[in-house]
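The same chain A turns up in both complexes below, where it pairs with chain B and then with chain C.
Here is the complex of A and B:
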């Protein structure tokens, strides 16, 4: 018995028959079997209901004969019952399951970055031309002493600061969530540019240890791939408590994706599900967290700073204060726009808070408590451009993590189907037919270019403000002005409204 | 020129651009739609999923296709080392096809007559069209005489 297909196709493939030369590149490249060829009829055709609008066929078609369109849904207009709600209900009525999705929150919540504007110098202070004068983007991550020689007062020993040549790092994306090729591209680009990549919770593949010096290695609730060599090879160790796309939720990498190589890296049997519990079962308090931080520092002889990554949630400032006092050197905060390989749709779209407000609140709280020097603050979750990066740093971050932007540079078109493992771009898949589509050589070049372009833009923006070092911008909220924000929002962000002077 | 098996993505675009490069118009659409050159590519992507690999001429030092050619159409350029076929001389006996140890010569038809289709490294272009258009750098051209 075949059930009625309640949901009409979300997209439709428009093929210009006049332009099509039937080379079948679309058929061979579609990861979702939307493009088909019937040799009997010598006919290329589409199964629209399979199309996810990943644009792989569109980008590879040599005659530009393809276009993907949104399929209009002629339901009676209803502002409350949108087609999305109706379609989701239909999916669940058919399966009884939790709705899954990939990438970050795509709902039209306010983007505070788009309501913040930067300052520039005019007459009374000179702007700087970064092409002619030195401009410092290097920043150092880690814990600074309270006063000169002050590190001796701390219960635990100091860990070294880690320099990064641009305040942009690649966020945690595990090997398993993405292909080895994509993972390698991130590692290579981080090393080439002098910044850091993050292994995510899936360990570091044996053959990529040459990049370990530029790796932030994660210790997450599943403890996958964590061993002494892994910790000691890294530059920074990160304890993953939460993720912006799914705060409070664990992870589940299905057994089909656990190939021999991933199994070896994660240190689990091949083909078994990799389940990350929602909490760390040995961390139920700040004191417990302190134990793990100190354990990791002991295990690495105080040679690695320890970062703690949390999702931006309601009480983020108080939690961050606790983390700083627990002995972390870096606090990474992941906002609600942060991406994921798989998350329940309801969690992704309805849990967490915007990263802009979280950074401002945490920076403010740590400063008020006089412990801002003890930690570096890394912001993550939805950074789309260099302007977002500059605004985050002005709000109080030391550096940012980019994830989605990096994947877009690798070919991702945000179709949000990562959780299916069918990624046509060879990124979020382990299918050997598809992973080869991402040549790490090309990927690393494109990521390097992205870092280079953004860094140059950041220099230009800093120069315009009359600042010659990224560290002088950190927490410098006088360089920000809000537009169209309420009193409460301005107060939380700690910025004045546009039009107000110094 | 060589192919990197780990990066070949089975898109067959090398074949498409090979056809276009050996057409009168040098245009993909015209080559396929107006000049009727579909299927006249000189390199061929072999696939056994998940792997695929373009099979192309090695331009051998001692090419058996040249030795076997009965009409003198198949020659090796003494200067560049490129092995190519004078298509106007080819009589379509397919001795070259049978003798190539790599299966890199294909029997085909162009302009209504049988011709041996084989890679000439796009002699009149700076870089072979297949290499220039490979979206994943699976094909590498280093020049040289072999």
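Here is the complex of A and C:
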């Protein structure tokens, strides 16, 4: 009794036979073998149970003959035993395995971004028009001295500040989790726009070292591809402690995805599992973290700022304070909506806290302790629009990482099947037939456009508030108001309720 | 040859001095009175010899690429952490995570080592990292090992002492571990590894490594080799291949 038969298909493919010209584009393009052709009967047909609703066929069908629908599941209505629970139990009863998924938490937890509203100037202070007046989005990442001229007493540096032209960077996505084409598109766009991309923990492919000056290179528990040239080529080094989609656990890139090129980049043999242990085994404490930060600074002779990336968890403020004191120049915090190529479903959907609360708590704590100047804060995890970015900065972030939004710009339709390696859009796959669908140059252009659009919107929002520099927005929570939030939530976010004045 | 006196220097001052000498092309540096200074040789890419007298601090030779470091004294945690190439010889003991994630080069420790030695060692292309430990090792020896060669000799073990702690080779998915003598039945071995008898070609390689080891420490290689070894290798390159429900 196989699991597939126990679970009705989630989607169904609807083909308008009148429009279909049997060009077979859908058959060739579907990464999941949901579209089939029978040459004997000259018939195009669909295997609904294979369809993941990635929309590749729908978007590419030249005659618009296709539509994907949710397959209505005629179970007795039950608010507690949803079809998802039933289907998951069936999968596990069949395999005994851990449920795996891709992308970020999709459950209906509150999105605080949607409960925060921005301010605008009216009468008493003039708003600014970014089309005609200068508006500064450039952001400097890194550690500032405690007082003017204090650089020389810096125990952990000084390390240089890194300018980015917009407070938006591309988050850590490793080569291996995504295709070389997708990875290259991110690198190119970061360079073109004057921001940074992040290699993730899989190293930097040799042919992309020309983008290293715009790279944040990661050092994770598996230490894949970490060597002194990699560290010295980068702009920023990031120690990955955790990620929002799977706080507290390690990861495996399965051997079948380790192609020759990925193996070379990770500096491991082809075909072996690339295992990232849950902790770094040289970091069991803040003191140990300090030691790795200093190791990396010594290895690069204090020429690179070091970032430490953690998942947003319950004690995030205290942890961040420890990280700042351990000599990090940047702290990146990844909220529970953060995406991933593969995560156990239970972890993705049930561990961590919202980035909005985490950023507010960390910024507040570091200010109270008088050490906010020592680090830049980067917020990550589910940023969907420029408004989310502006709200995060007003809550205390210096900049944000986007991941899912960037992949959507490259064609991702959030089917959450990245872990299968079959991505029809050529993003989360290493199959050359699929990866060549993604042209890195066109991809980079789309990413550039996204950064451009969001940046302009940020300028508009700033101008509306009467602010002409992103610096003046950082941690400026007076520009935020909550709607429909409880006292506790307002207090944690440090914002007043909508309707309250200054 | 240049001499440096490490007395009273912070690690940063000491390492800057070492770097400056290496930058100027110095090929041999003798550092005296080392007393816990960390990160010696860390991240250095050079072909030169560092002789350390005293006790270097953690992460000696981390991320190092090519140096030959010889320590007359004990070393602490993280010797050769993520190192790429080179040699580290310690005429004493070393503590935890010696050779963490090392990808190439060799480490020879005359005495005992602490926990998690050789954790996540890898091999890459022509690189095959090697650690030879003269004495005994703590728990999790060769944990997550993904490549390379670990050799444990158990010299100078007192009666009643075990050559190695528990959970050897837990999560091992590459590489090989050689242990001189036998393992007591009550020592726990990771379920990912199996114990074999070394083949003749293994002994050839061991012979070369042990000769090199014996030379550094003025020992008799033949005497060390007179005791048979056991060999641990992983069952599988993909230990967690069947963990998931799709």
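Convention: the second predicted complex is superposed on the first by the 498 of 502 C-alpha atoms of A that agree within 3 Å, B and C clash if a C-alpha of one lies under 4 Å from a C-alpha of the other, contacts with A are read in each partner's own complex, and residues count from 1 in each chain.
Keep in mind that, in the parts below, contacts are C-beta pairs under 8 Å (C-beta built on N, C-alpha and C of every residue); 3 or more make two chains touch, one makes a residue touch a chain.
Just so it is clear, the model here is predicted, and its values are computed rather than measured.
**Q** Please work out whether A:442 is in contact with chain B alone, chain C alone, both, or neither, and reply first, second, both or neither.
**A** Touch status of A:442: first partner only.
**Q** If you tally the residues of chain A touched by each partner, is the higher count for chain B or for chain C?
**A** C
**Q** Show me the chain A residues, by the header's touch rule, that chain B contacts in one structure and chain C contacts in the other.
**A** none
**Q** Can you check the complex and tell me which residues of chain A touch chain B?
**A** Of all residues in chain A, those touching chain B are 19, 21-25, 28-29, 60, 62-63, 426, 431-433, 436-439, 441-442.
**Q** In the complex of these two chains, what residues of chain A are touching chain C?
**A** My answer: residues 3, 91-92, 94-100, 221-223, 226-229, 231, 252, 254-255, 264, 267-269, 271-273, 275, 277, 281-282, 291, 294-296, 298-301, 419-420.
**Q** Looking at the complex, which residues from chain C come into contact with chain A?
**A** 11-12, 15, 19, 38-39, 42-45, 58-59, 62-63, 65, 77-78, 81-82, 84, 97, 100-101, 103, 116, 119-120, 122-125, 143-144, 146-147, 171, 173-174, 237-246
**Q** Quick check: in the complex, which residue numbers of chain B touch chain A?
**A** 6-13, 15-17, 28-29, 32-33, 38, 49-51, 133, 135-138
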